[in-house]
Each structure stands twice: as structure tokens, then as C-alpha cells.
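Think of it as A, B, C and D in the order they're written, each chain with its own count starting at 1.
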Amino acid sequence: MITTAVAEREHYLNASYGIKSWLLTKDHKRIALLYLATITLFFFLGGAFATLIRIELLTPQGGLVSSETYNKLFTMHGVTMIFFFLIPSIPATLGNFFLPMMIGARDLAFPRINLLSWYLLVVGGLLALFAMLAGGVDTGWTFYTPYSTTYSNSWVIATALGIFVAGFSSILTGLNFIVTVHRMRAPGMTWFRMPLFIWSMYATSLIQVLGTPVLAVTLVLVFCERVFHIGIFDPALGGDPVLFQHLFWFYSHPAVYIMILPAMGVISEIISVFSRKPVFGYAFVAFSSVAIAVVGFLVWGHHLFVSTQSVYAGMVFSFLSYFVAIPSAIKVFNWTATLYKGSISYATPMLYAFGFIGLFTIGGLTGLFVASLGIDVHVTDTYFVIAHFHYIMVGGAIMAYMGGLHYWWPKMTGRMYPEGWARLSALVIFLGFNLTFFPQFILGYLGMPRRYHVYPDEFQVLHVLSTAGASVLAVGYLMPMIYFIWSLRYGAVAPANPWGATGLEWKTASPPPVENFEETPVVTHEAYDYSTVMGEVIEVG
Amino acid sequence: MKLASQAHVHAETLARREQFDTAEQQRDASTLGMWVFLITEIMFFGGMFLAYSVYRTFYPQVFAVASSSMNAVIGATNTGVLLCSSFTMVMAVRAAQLGQRKAIITFLILTLLLGLAFLGLKGYEWTLKFEEHHVPGPSFHLDGVDMQGPAQIFFSLYFAMTGLHALHMVVGVGILTWLLIATYKGKFTAEYMTPVDIAGLYWHFVDIIWIFLFPLLYLIDRHLK
Amino acid sequence: MTMSQQVEHVDSVTTYAVVWIVLLILTAATTAVAYVDLGAFSVVAALTIAVIKMLLVALFFMHLRRSTHLTRLVVLGGLVWLMILLMLSFADFMTRGWTGVPGR
Amino acid sequence: MGSLPLFPEQASTFAPEVDHLLYYLLAVAVFFTVAIFGAIFYFAIRYRRRSDRELPLVIHGGLTLEILWSVIPFGLTMVMFTWGASIFFNESRPPADALQIYVVGKQWMWKLQHLEGQREINELHIPLGRAVRLTMTSEDVIHSFFVPAFRTKEDVVPGRYSTTWFQPTKPGKYHLFCAEYCGTRHSGMIGWVYVMEPRDYENWLNGGAPSGSLADQGAKLFESLACSNCHKPDGSGRCPTLVGLYGKNVQLASGATVKADEGYIRESILQPTAKIVAGYQPLMPTFQGLVTEEGVLQLVEYIKSLGPQPGAPAGASVPVAAPNKR
């Protein structure tokens, strides 16, 4: 606000200065950057845990760390990556930044609650961090009772509390998005003119709002059981540990869709822009997001097939699980069909999108394996499941997150990233990822159980392959870290619309002004109408 | 430019925030936001209702005996107190709709007092539980059942459910106090009373939770006793 | 979309008072009915009364009867999701032991 | 290092069934993966952007295609469901003549008991070709009994019995893993399953020096805990007779009936008042804390041996009351 001398245009980054202008900001764009910094930190922390795990697994006898430490490593890897990176990743950064802009709003409906959400994530993160530094937690990210309530001697309480607090961050973000989409759309921005990213963010928010409270109360009960020694899941009193699993997975299965739905939204945007065509079957892609969010709540019992859940419930949950496959398949087919007769650019975001579709296809198809009762009995709790969900969460969600970051980087920072390095990193990540996780499918079917510190010799070759892949993957993730920071200073200055995209976020300057738009936009076209932008000069950085 | 727009906003209405175009949009957004928040609360308590239902199905007799050991008079009285507070709360909202500042204050104070009365009775009831050894733990004992384990589960659920409900009441009391101060300062008018309105929604919701807790915890098969 | 909702309409004190009295009567009723042996219907009676009370509070005190379709949809959604949680969980708890094999 | 296995051994009747389902799933997965990757590569090259100003033809979608690529995958997945569910259902129904073995999991070992009285730790010897049924429980946290070569896995949960079964088809030595994370030395909770030719198995059984059969051990426990004071074989005691109890439907005081399976017997020992037999008073004290999970299993086996089969040894009897939780 106190811009001076130079004729530099005022935008959200230079409108005010100082620590306070960031820590007390109510601007969704600045809050998005706060989130970006926070979750990047957690990503590298979780990555460090993963690195140690992979190094440890190079040898079957487990020489590097003790069993106790190993158990803490995979627990903290899971907790960090899931609750403090993946859940907030796309919604809280890209969603926070672009959801209001894409519907033509000046901000989210509740900017102060938005800031509060960030603080909650930070407080939750600090609690979890405290637990890790104080000695760590060894229950697995799943906190199964009675191990977590009675037998574990680690920092369960602080970690659970941290996740509980971070959960409210997630709930409030979802709430904010839902209200914003309902109440803050620009004139003419009807539901079926909304970009598909908004549809998927909306569906995600539904899950956050409906699912997270159940996790919260479950953690409260675990907390009470540990602290006050009351017994709700305690088998010694006649309690049922499987009830805990029902409650836990009621949230934690849909939570997978909190991670993947926003990714799908990002991919819809990227695929459209870089083939310069509207997404094939817009309505099907839009509704499939909502369908995934809804059906995703009906399938949690497929995590309990061998838990002593009743056989009949197992069958019901297996049956329902296949209904998630259909909307997922619809999306993949529609994205692929969008490419048909398009004008396909090989810009970095598009490479990530290609990678996403491929890896998500493999992740999704192996999901069919684990949803099938007969196969799941054999592969559940083995590396097959590990490989499957990493294909979804890393191959899917993180690929899309990286793609989205590259795609919107010019808008967020006003600078272009170096295209050559970026393409290289996309390739390295893709190859490293496959080398890391594909061997784990084989390991899993061979019977290698998950969470094993020491393992039989015959699995070593595949573990070594996996670790080799992980080191490639690590390089792939470090590269963007470096060139993104580099680009802030040395990157080419980004034009308002470098990709020839149609979304409202590209109709304003890069970086956007504090109020997002000089004047409230009026929407007259459906989404992805590229004839409207062909008149604009398109410069590709 | 930002200054200018802010000035413009302030000129139109004191209470409207800059991300909204109209006061009406703001009110709709706030109300919707509160309702969405309330469904998260449904799911939050829903987890405990599930645990309750499961164990009541497993151990019906134990639950009946344990429930009958509760003081139904306190429970019923507290239900009445909470319903009265809902009535005074809705009267406060009504007064706000009509812009009657003094009436808002009166009804808010009444609601606050009733809320505190509820919490007081609740606290008293809990101290009784300690005296009766009905608090889960090593010294737990419930007469009339052999299965002390499931009986402890009942009281674990009792403390968890009423505890979290009471916590919501405490938050509600905090909100009411804030409202009271804001009303006293004259922040609300007939045109702008959204905070009173949505605080009312919250208060009534907490009431509804209790409406279910009361029969489920206090009134299982009392005729057996 | 941004059309306003209930606020224009102010319910009368009588309406609120009547609802309040009915709520108190229902509380007395639910307490009384617990002392009567209705067998399995005890639960049904208790829950029916509770649901009626909930509806009274929601419709009148929370102004749900004058609210937008969207608000009603939100409430309905919350209740449906609660039912999903309860019913699918009970798909397990109710069918345990059907096979006659322990733990299956 | 050095060996690189790619496929697990098939050593039970389930293994080929599960693997055949796997082949079907693999075929579907490979087909779609190749199709999607192929299409992406082909389109990406064929329709690459040749000029920055080109504007492709707008295609909004096609209903026929959408229906086609919803319905066909749905059909394929329903095959997966049905096929998988039928295998699963078989896995949950052990045949009546299966060899009974009892398993107790604890941090971090497997304790197994044979009917003949042999006890093993982290090793299980079983005969080739005979269906084996495991009744399992845990002393502490949740474990999971997993034999990859058999393609079977089932959690072992404290406070209740779980069941799994398999029929080995190939002699050999196979991994036994705990598959549910159970604490510090989770990865040390492993062992071997030895599938032996029936004759070798007989030799092995006779080789040990057990203190009588499992039922005998249970009978001793039954005496030492003074159960026989009340549970008399002729039903004359204050408690119901236990003769022929196993597998029967028991009429309870609450009006319900319950099948007297292992879980019911276990509950009745540890939580006697949970299910009172019609016509009896809730007199029995709990034996929780007085008898270990292994001891309970011995009692269960003893009570089963009093069962309806004609040749069963005579003994005291009395049922108890209570379902499958402590």
C-alpha cells in the first residue's frame, strides 16, 4: 500500500511489506503462499523420513537404525506426508490462490477464517513436530487400537492432538470453499461455466467437511483412552478394536479423495489449456468429481477385509468399491479423448499431466485388485498396497501438484520458470517414481509385509531397485525446488496469460492486484472457449 | 486504490467486509457457513453416537442397568433448562430482528444464565459420579451388573459425550458473552444482526445434541429398576 | 441466488412460546415413557420424541421452515451422511456370526 | 542378494484360485494401461502443436462414448467382484473335517497348539492335503496370520476368536508373517510353516513328548479350576451340562438363541453373565485373569471334545453363558 517511487505496478506481493503484512494478511493469495512455504517444509521433512526408510531397506538385516527408530520413521513419514502435506497440498495452496480468482471473486467468503486455517495447520504441525523431536511416535499413521491406546510408549497424544488441530484447518478450508463457490461467483459464472478445477475443489470440500469431524472425534476418543484411561475400544473391557477401524477409515478412505480430487481438477485445466480444447465431456467430468466424493464415503470397509469384519459387510464394501472405479475411469477416458485432434503443447505442466494420467491409470487399476476380496486377502498389508497408494498419492496427487505449480507459477510470482530444466525434472520424477514403486507391486504379491524393518533375503533385489529409484526421485524433487527459487529473481517476466488459457485468473495481471481484478469480471462464455483468447497476443515464456 | 475501495465500503455499511458486494450476500454467506459448520458437528457427535449404538447393541442389559443408575431428575431438569435457554435465545434473535437493543441484552443474559445453570448441574452430576465410583478406572464399580468392563464402556461414553457437549456449551457461553458486549456497544441493528442470528443457530444445535443425549444416556429401560 | 431469506419475517412471541411449552411437555413425556415397559418399543418411543423435539427446534427456533432450499439441502446432507456412517457400520456389526464361524 | 523371485509359490488350494483371478485382473490392467499410454503417445505426437496460433476444432463430447466407457468397465469390475467374493466366501468357511489348530499371537511371537498336545512357537507343522483350520486370538494387540504361499491372511484380534483355513498342496517350508503392525519387533514376528507328507507328519506328532492331548490338558484345567463342581455331565449341577454343547443352539434367558461356537465358549468362561442359559442363574464367576488365552483354548477344545460325536470321551459338562467378547 505504501508503494513508492518506481513505476512498478502494484500487486499483491508488493502492496505492503514486513512480517506483519504476511502473518496477519487476509488476502487469500498471500495465505496460499504461507501454506506453500509450510507444506514444502513438511514435504521435505516427510521426504527425509522416506529417504532414511529406503536406505535402511537396502539390506535385509536392518543395520542402519533400530527397529524402534524404523517404526517411528515410517509412522512420521505417513503422518507428515498425509496430514501435513497431501491433505492441504493442492486445496490450501493452488485452491486458496485460484478458487476465488477462477470464479471472479475478490477473496474467499471468510478471509479471517482462512488465515485461522493456516494458523491451525501450523499449530498442528508444531505439535506433531514436537512429538517427533521429543522422541517420535511408532503407531503407524493409522493409530490402530489397542496398540495406540495401551501398548505404545511413544508420543501418541501429542501427535494425535496435532492431527486433530490440523483437521480443523482442513474443515475450515472446506467450509470456506463451499460457501465461496455458492455465494461469491461473479455475474454470469453459472455452475456449468465453472472451470473443472472448481468442481473438483467443491467435491473435495464436501469430503473435508463431512469426513474430517469423524476422524477428529475418533482421535479424541483415543486421546481420552490414553490420558484418562477410559475404555471405548479396549478389548479388555469388552470394547471392539474393529470399531476404531470403522471410524478411522470412514474419514481416512475419503481422505484419499481429498488428495486425488484436486489433482484431477488441476489435470482437467492443464489438459485443456495445452491441447487448446474444451475438456471432452465437461458435464461427465464435473459430475464424476461429485460422484467420487459421494461414493467415496460408502467404501471404507474395504480396508477391513481381513480385520474380522463380517464376511457379508466385506462383500457389500467390495461391491460398492467398484462404483468408485467408474467415475475415475470416465475421467481418464475423457482426458485422453480431449487430446484427440487437439493442438498439443509439450510445456512442462502438460508433461506432468501425461505422467499423471499414466500413473493414475496404473494406481487406479491396481485399486481394482485390492477391492477384489480374493486378491485383497493376499495383498493387504503388503507392499502391493504400498505401491498402489503411492501410485495414487505420489504418482497422482503430487504429479498434479507439481504440474499445477508450474502451470500457475507465472501467475503467482510474475516470473516464468526455466522450461528446459522443468521438463527434465518432470522426466526424472516420472522415471524415478516408477523405478521406486513398480518393484513394490512384485514385492507385495510375493508376500513382503509392510512396516517390516527386517525382511527375508529373497526380497532384497527388489528393495535395492526401489531404493535406487527413490534416489532418482529425490533428485527430481530437488530440481524444481532450486529452479523455482532461482526463477523468482532471474526468471523471465511473465505476461498476464502466457499459456493462452481461458480462466478468469488469466484475465488479470501477473501477479494479480490485491483485489484480484480491476473490476468484477462478467462471464459470458462457457469454460475453455479458446476462440475468445486467440485474439490476445500469446507469448510463450 | 485499496484505500479508496475501503472507504467506499465503510461508507455503505459499517459491518460489511470488502470481499462481499452487498450486505445481503454477506449475511447469506455467514448463515450458510454456520449451517455447514453445524453439519460438521453432526458428524463429530455422529462418531460417538455410532460407538454408543454399537455397544448398546452388544451389551443391552448392562446399558440398561448403568443408565438406570443415573439421576433422571438432574437429567430432565437440565433438559428443561437447556430448552428454556433455547427459547430465550430465539427471543434474543427476535429482538435483534426488531432492533430492540435492550431486549437483546435481557434475553442474552437470561440465555447465558441458563447455560451456566446447565453447566453447574452437569458439574454437580459429575462430582456425584466420582463419589459413586462410576468414573472409569481402577476404582470403578457399578452395582447390579457382573460385567464391569462393558459398564465402564457405558460410563466412558457418558463422560466423552457429555464432556464434549459441555465443551460446546462453554464455547457457546463464550460466544454469548462476546455478543453481549457487542450488543452493549450497539454493534447490531435490525439491518445487521447476522452474528446474533448465527450464534443462535449454534446454541440451538447444541440443544439438539442434548435432546438426543438425554434419552440415550438417562432413560434406557428405567422400568426395569 | 443472493435473494435474502427469513430475516424479513419476524415470528410472533406466541409461536415461540408455544413451541417452547411443547418442548417442555415432550421432555416430561419422554421421561415418563421410560418408566413404562414397552419392550423394544422403548427405544423407538424415545427416539421418536427426540426427533420431534429436534424438528421443532430446527424448524422454528432455527428458522429452517423459512430458509432457502440450499440450507435445507445442507441439513439433509448432514443427516444422510450420519445415516451412512451408522448404517454401513452396522452392516458389519449386525451380520457378525451369520456364517457360524468365529470372527467371520 | 542375488535371487530375484517374481512370483510366489503356490502351496494351497487357494493359491491357484487367487492367481487365476490375478491373471484376469492383470489382463484387464495391462490392456487399459497400454491403451491409455498408447493413446496419449499417439495423440501427443500426431496432434502436436505446429503453430502458436492454431485453434483446433471444438469437440464437446459424445454420449455414446461416455456410456460405452462407463458400461464396459462396469461389466469388467462386476466380474472382479463376483469372482473375488466367491473365493473370499470359500476362505471364510472351513470344511467340517478340517484339522483344528489353535493360535495365540502375542508381541512378538506365534504360539500354536495341536489337538494332540504339541505346542510350537513360530513354527507350524501340518500334513499335506488336509484342510487345516486355525482358531486364533491375541494376548495383546492386533496381529495378522499371513502365509503368502497359501494366499491367506486373517487378523488375530485380542478379545475374540478369528478363523482362517487352508489346504496345503505342496510339501515344503513356507514363510509365516505377522502382517498387522504390532509394535517394535513386528518384523521379528515371523516363522515357518512346514507342510509334510502325512506319514512324516505322524512321525513328527509322535516324536514330541507332550503332556497329553490338548483336550486332556483342558480336562486337567477344568478340574483344577473346579469347573466340574457345578458343570456336571448329567446336568444335575447348578449349571448347564457341557456334554454335546459345541455346535448346538443354546436357548438364552434373554429369549435369544446363540450357536455354541468357540467364541461363545470363550466368552462364557471370561464373561459368564453376558449370555445366561435359559433356566439357570447367573452364578458363575468370571475366569478373566485366572486363565491364559492358551488355557482358554485348551478348555474350549476340552468342551468341544465332549461334543456330540459319539466316540467322544465322557466327562463333566456344563455350559456357561456368554458371547464372543470379554
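The rule we apply is simple: a contact is a pair of C-beta atoms (placed from the backbone, for glycine too) under 8 Å apart; a residue touches a chain by one contact, two chains touch by 3 or more.
Since we're looking at a predicted model, the values are computed, not measured.
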| item | value |
| --- | --- |
| B-D or B-C - the one linked by more C-beta pairs in contact | B-C |
| Whole-Å gap separating subunit B and subunit C, where each centre is the average of the chain's CA atoms | 15 |
| Whole-Å gap separating subunit B and subunit D, where each centre is the average of the chain's CA atoms | 45 |
| Subunit A-subunit D separation of Cα centroids, rounded to whole Å | 36 |
| For subunit B, residues contacting two or more additional chains | 25, 28, 32, 36, 39, 42-43, 46-47, 50, 54, 58-59, 147, 149 |
| Interface hub residues of subunit A, defined as touching at least two other chains | 182-183, 210, 214, 236-240, 242-243, 246, 250, 308, 311 |
| Junction residues of subunit C - those touching two or more other chains | 2, 70, 77-78, 81, 85, 89, 93, 97, 99, 103-104 |
| Chain contact graph, described as a line, ring, star, complete graph or other shape | complete |
| Subunit C residues touching subunit A - in the complex, by the definition given at the top | 1-2, 70, 77-78, 81, 84-85, 88-89, 91-93, 95-99, 103-104 |
| Subunit C residues touching subunit D - in the complex, by the definition given at the top | 97, 99-104 |
| Footprint of subunit A on subunit B - complex, ascending | 1-3, 5, 17-21, 25, 28-29, 32-33, 36-37, 39-48, 50-51, 54-55, 58-59, 136-137, 147, 149-150, 152-153, 155-157, 159-160, 164 |
| Complex contact set, residues of subunit B against subunit D | 58-59, 61, 145-147, 149 |
| List of subunit A residues in touch with subunit B within their complex | 1, 10, 15, 105-111, 113, 171, 175-176, 178-180, 182-184, 209-214, 216-218, 220-221, 224-225, 228-232, 234, 236-240, 243, 246-247, 250, 514-515, 520 |
